[in-house]
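I am attaching a structure below and will ask some questions about it afterwards.
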C-alpha cells in the first residue's frame, strides 16, 4: 500500500505539490491526469525517493520513504518506475539492460538474471531482440524494454510517467497493450497518462491534478462522465 | 531570356540531366514539377553557374553561363536564387544579411544598401525584424528574408527551389503569397515546387521533369487537366 | 677558414659550462665568471676580437659546436679518442683529478663503496662514461645521467644519489660553497688524470694550431699559473706535459 | 651535395638498443595512461561529489596539469618531491610526471563527456535501486569512456611524445634517453635523432591505428 | 621558506627568460597561424586526396616529440647544410611549423563547420570566392576554431620550455641558471610554475567561456 499524507514540495519559490493526500491499496490501478506542470511527474519521483519532499509523509508498505533510516536502494526495488523519456542504457544490449540491476542490486547470478530478463522480455514481446543494442529499437520497443527492466526486479508497485507521450502515434498502442496486460495481472500501478480512453478502460480510480493540488479523484466513469471540479471539466473539454 | 540548349550533366556515373532544351522569355513564370531526384535542383544550379555542365549551352540574356570568359559573379547578380534549405547568414542581422552582397558585390554605399534592404524587407513583410538575428526568425520568415536578400540585388530573374518544402504547413502560405506577389509584379521566375495548386494558379507554363528529361511542358490548364505523358499522369495521380 | 672568419667578424663565440665552478659559474649579477671564462677572454684578446660567452651544458657543448652556434668550446673538455672522431682538440690546457663525492647519508668512505649504490654524473662527460662502465662491470647498483652538473649535485644533496664522481676542483668548490648541505668528498677516483683541451671543428687546422700555441704561451707567460691562483687557489697548477711521449 | 659526412652505419648499429628503448617508451606510455585514466576518473568523481574539499583538490590538479609545461611537471616530481625526501627513480619520476599530466587532461575530457550524458540515465539507474556508485560505474562511466575515446587516443599519443622529457630526470632507458646517451658519445646527432624520429613516428601511428581497431571492437552500440 | 637570496638582478634574469618565452611563443604562434590558415584552406580546397602529401608532412610535426624536432632541425640546418642560424631562429622556425601543423587541422575543422548551403547562397548572390571566405566563412569558422586556437597558443607557450635544447635561454632555463647559483630549487621552480600558470590559466578559462557562449547560439 502506498500512503501519501499531506505532501508538499517546492522547487525554489515554485510550490509544485501543495499538500497531496492519497492512498493506493495493493492491486489498484490508479491513473493520474492533469495539465502540464501540474506536478504529476514530481509526485512519482517523490514516491520512490528520487526527489526529497518538504513536508508530509510517504509510506510504502508502511516504510517511510523520506525517513533518514530508510534504505532507499532497497525500497526502490519494490517500486518500478518507467519515464517518459526513453532511458535505455545505450552501451548494453537489451538483455544486459534488463540484467544489470538484478546482478548489481539483487546480487542474482548471471544465469538467474539472464533467465529472468529473458522471461520479462518475452512477456513484453521482445523475445527476439535480446542481443540487440537499444539504438536499434523503435521508441515503443525501448519503452517496453524499460518496463521489462523494471519488472525484472520483481517490484510490488509500478509507476508509469507518460510512457507513451514521446512515441509516434502508431507505436502508442503496443505500449498501452503491455500496460493493460500488467493491469490485468493484478499489478499495483500508478499511471500518469494523457490517453483518456486508456485511463477509462483500465483504471480503478482516476486522479486529476491541477496546479499542485489533487482536485478530484474518483472511479473513471464518475470522473469522466460527471466531473465535479470546474477545472477538470475544462480540461476534459480541451482533450476531447 | 534564359535559353537552355541540350544541356547534359552527370554526377560521376549518374546522368542527372539528359539533354534539356528550354527557353524562358522575360516576364514568364515557369513552374517545374517532378519526382525526387529528377534533376530539378541541378538544373537551377546550372543556370546560375554554381554547377558546371558536361555539354550543351545555357544563355542568360545572350551570355553563355559556362563560357570561360564569363564573369560569373557579375552574371549571378542578374539571377536571384532561393533554396529549399534556409540559409540565412547566422552572424548577421536580417538587415545586414540583405545588405552584405549589395555592399560587397554591387559596391553600393552602406546607406544606399541599407535603404534598399529595408525596402525589400518591408516588401516581403519583414519590416519589423530588421535588427533581429536570423535564429530568432521562423522558417517562413527566414525564407522571406532569403527572397528579399536576392531581390535586393535587383535581379532580372528569380529561381526558387522548393522554397516551402522545409516549412511547417502553417508557414507555407506566407511564403507562397510572397511568390504570388512577385509573379504579379512581372518578375521572370522559375519555381521548382510541389505545391500544385500554386503552380496552376501563378504559372504561365509548367514543366514536368522525369529522370533527367523534361517530359512535358505546357500551360497549367493543359498540363494538369490533359496530361499527355504517362509518367506525368502517374505523378499527378499520386500527388492529388 | 674559421680563424679568418673569427678575425673578420671581430667576435669569438665560446661555449662555456657555467654550472662548473671554479671553471665556469655565474657571479651575483649572473655574469659568467671562472677559469674557462677568463681563458676564453684571453684567447679572444690574443685574436684581437671580443669574446662572447655562450652557456651550454656538458652534453650540449659538442652539438653546439657542430651546429655552428659557437666557434670553440672552452669547456673543460676531456680529450678522448671517441670525441676526436668528431671534433678537433688542442693540446691540454688543464688537467683534473676526479673525486668521489658522496651524500653523507650514504656513508661511503672509499670509491669501492660505490659498488651497488645509486650513482650519477653529468650525461656524456668523461667521468660519466667511466662511471657507467664501472656500474656495468660491477653488475649491481644504478647509474643516472643527469643533464647538467647542477642537477647532479642537487640530486646528491637531496639524497637521491649516493655518490658521484666529479672533478676535484669542482667538487671542492661545491662542497665549500655550502649550497649543497650534506655532501662531502670521500676519496679520489682511480682514474688516469683527466686532460682537458679546447675544441673546435675537426677540420679547422689553422685554428687548432693557433690554440696550441696560445696554450703554450699561457703557460710560458705565467698566465696559466695566475688564473690557477685566481680560481683554484694556492698550490701547483697541474703539469700539462706528459713525460715519455710526444704530442 | 652535402659536405657533411653521414655515418648511417654507425647509427644503425645502435638500432637494437634504440628499439629496446622504444619498448620502454611504450611501457611508460601505457602505464601512465592506465594510471592517468584511473586518477582522472577519481578526479571526476571528486568534482561530482559536491564535497568542496575534494573538488578543490581535483580542480587544482587539473589546472596545474593543464597550465604548466609537462617538462616542469616532470622536473618537479623528481627534484620537487626530492626536496621533501621523497626519492623517485628516473623511471618512476617520468612515469608519475606523465601520469599526472594525463590525469589532468583526461579529467577535463571526462567532464566534457559527462555533459553529453543525460541525467535521466542516472535517474533510471537509481530508480532500479542502484546506489549512486553503482549507477556511476555501470551506467555513466562506460558511456563517458566511449565519448572520451578519441581524446584518450590523443592523450596516449601525447604520453608517447612526453617520454622524451625524461632526460631531465636522468632517464636513460627510454627511446629518447638511449638516443641522447648514444649522441653524447658519438655526436652523430642528425643520424641518431633521425632514426629516433622515425621510430617515434611509427609508434604514434601504431597507437592511433590500434586505437581505431580497439574502438571498433569495444563500442558496438 | 621565503628568506631567499634572490636579488633584483635575478628577478631581471627571470623576467628576461619570461620575455624570451613570450617572444618565441608570439613569433611562432603568429607565423604558425598564418601558415596554418594557408595550409588549412588549401587542404580544404583541394580535397583530402590531393592534400595527402601535405597532410602527411604536417602530421609528422604532430607525431614526433618536439625536443627531437628541435634537435634534428638544428643538426640538419647547421651541421648538415652548414647554414648560419642562431638557436633562436631554429627554435622559432620549428615551433612555427609545429604550430602550423595543429593550426591547419583547426582551420580545416572550422571551415568544414560552415554549412555548404550558406556558401552556395553567398556565391549565388554574386560574391566571389574571396568575398565568401572573408564575409561568411571567416566569421563563422572563427567561432568554432577560436577556442581550440587559444588552447593551441597556450600549448605552444608551454612547449616553448623545450627550446633550451638549442641554446635559447627562456624561462625554465633562466630558472635553472638561478637554481645552479642559489640552490633554492623549490622556491625558484615555484616562481617559474606560477608564471606559466598566471598567463595560461586566465586565457584558458576565457577560451572555455567563449566556447560555451558560442556553442549556445
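Chains here go by letter, A, B, C, D and E, matching the order in which they are written, and residues are numbered from 1 within each.
Quick note on the criterion: a contact is a pair of C-beta atoms (placed from the backbone, for glycine too) under 8 Å apart; a residue touches a chain by one contact, two chains touch by 3 or more.
Keep in mind that this is a model prediction, so the values were computed, not measured.
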| item | value |
| --- | --- |
| Co-neighbours of subunit E and subunit D - touch as defined | C |
| Touching subunit B and also subunit E, the following chains | none |
| Starting at subunit A, fewest touch steps before arriving at subunit E | 2 |
| Relative to subunit E, chain with the most remote C-alpha centre | A |
| Cα superposition angle of subunit A on its copy subunit B, in degrees to the nearest 5 | 175 |
| Furthest chain, CA centroid comparison against subunit D | B |
| Chain-chain pair with the highest tally of contacting C-beta pairs | D-E |
| Distance between the centres, which are taken as Cα means, of subunit D and subunit A, whole angstrom | 46 |
| Distance between chain centroids, defined by C-alpha means - subunit A, subunit C (Å) | 82 |
| Rounded Å distance, subunit B centre to subunit D centre (Cα mean) | 55 |
| Inter-centroid spacing, subunit D versus subunit C (mean Cα positions, whole Å) | 37 |
| Shared-contact residues (touching 2 or more other chains) in subunit C | 63, 66, 154 |
| Numbers and ranges of subunit D residues touching at least 2 other chains | 79, 83, 189 |
| Interface hub residues of subunit E, defined as touching at least two other chains | 71, 75, 79, 82, 185 |
| Touch relationships between chains, expressed as pairs | A-D, B-E, C-D, C-E, D-E |
| In the complex with subunit D, residue positions of subunit C that touch it | 59, 62-63, 66, 82-83, 85-87, 120, 123-124, 129, 142-147, 151, 154-155, 158-160 |
| Residues of subunit B defined as touching subunit E within the complex | 45, 48, 50, 73-77, 79-81, 83, 85, 87, 89-91, 100-101, 104-106, 135, 146, 149-150, 153 |
| Subunit E - residues contacting subunit D, complex | 60, 62-69, 71-72, 75-76, 79-82, 154, 158-159, 161-162, 172, 185-186, 189, 192-193, 196-197, 200-201, 204 |
| Residue numbers on subunit C that touch subunit E, as the complex places them | 18-19, 25-26, 28-30, 54-56, 60, 63-64, 66-69, 148, 150, 154, 157, 179-180 |
| Parts of subunit D lying in touch with subunit A, wherever the complex brings them together | 118, 120-121, 123-131, 134, 138-139, 142-143, 146, 219-221 |
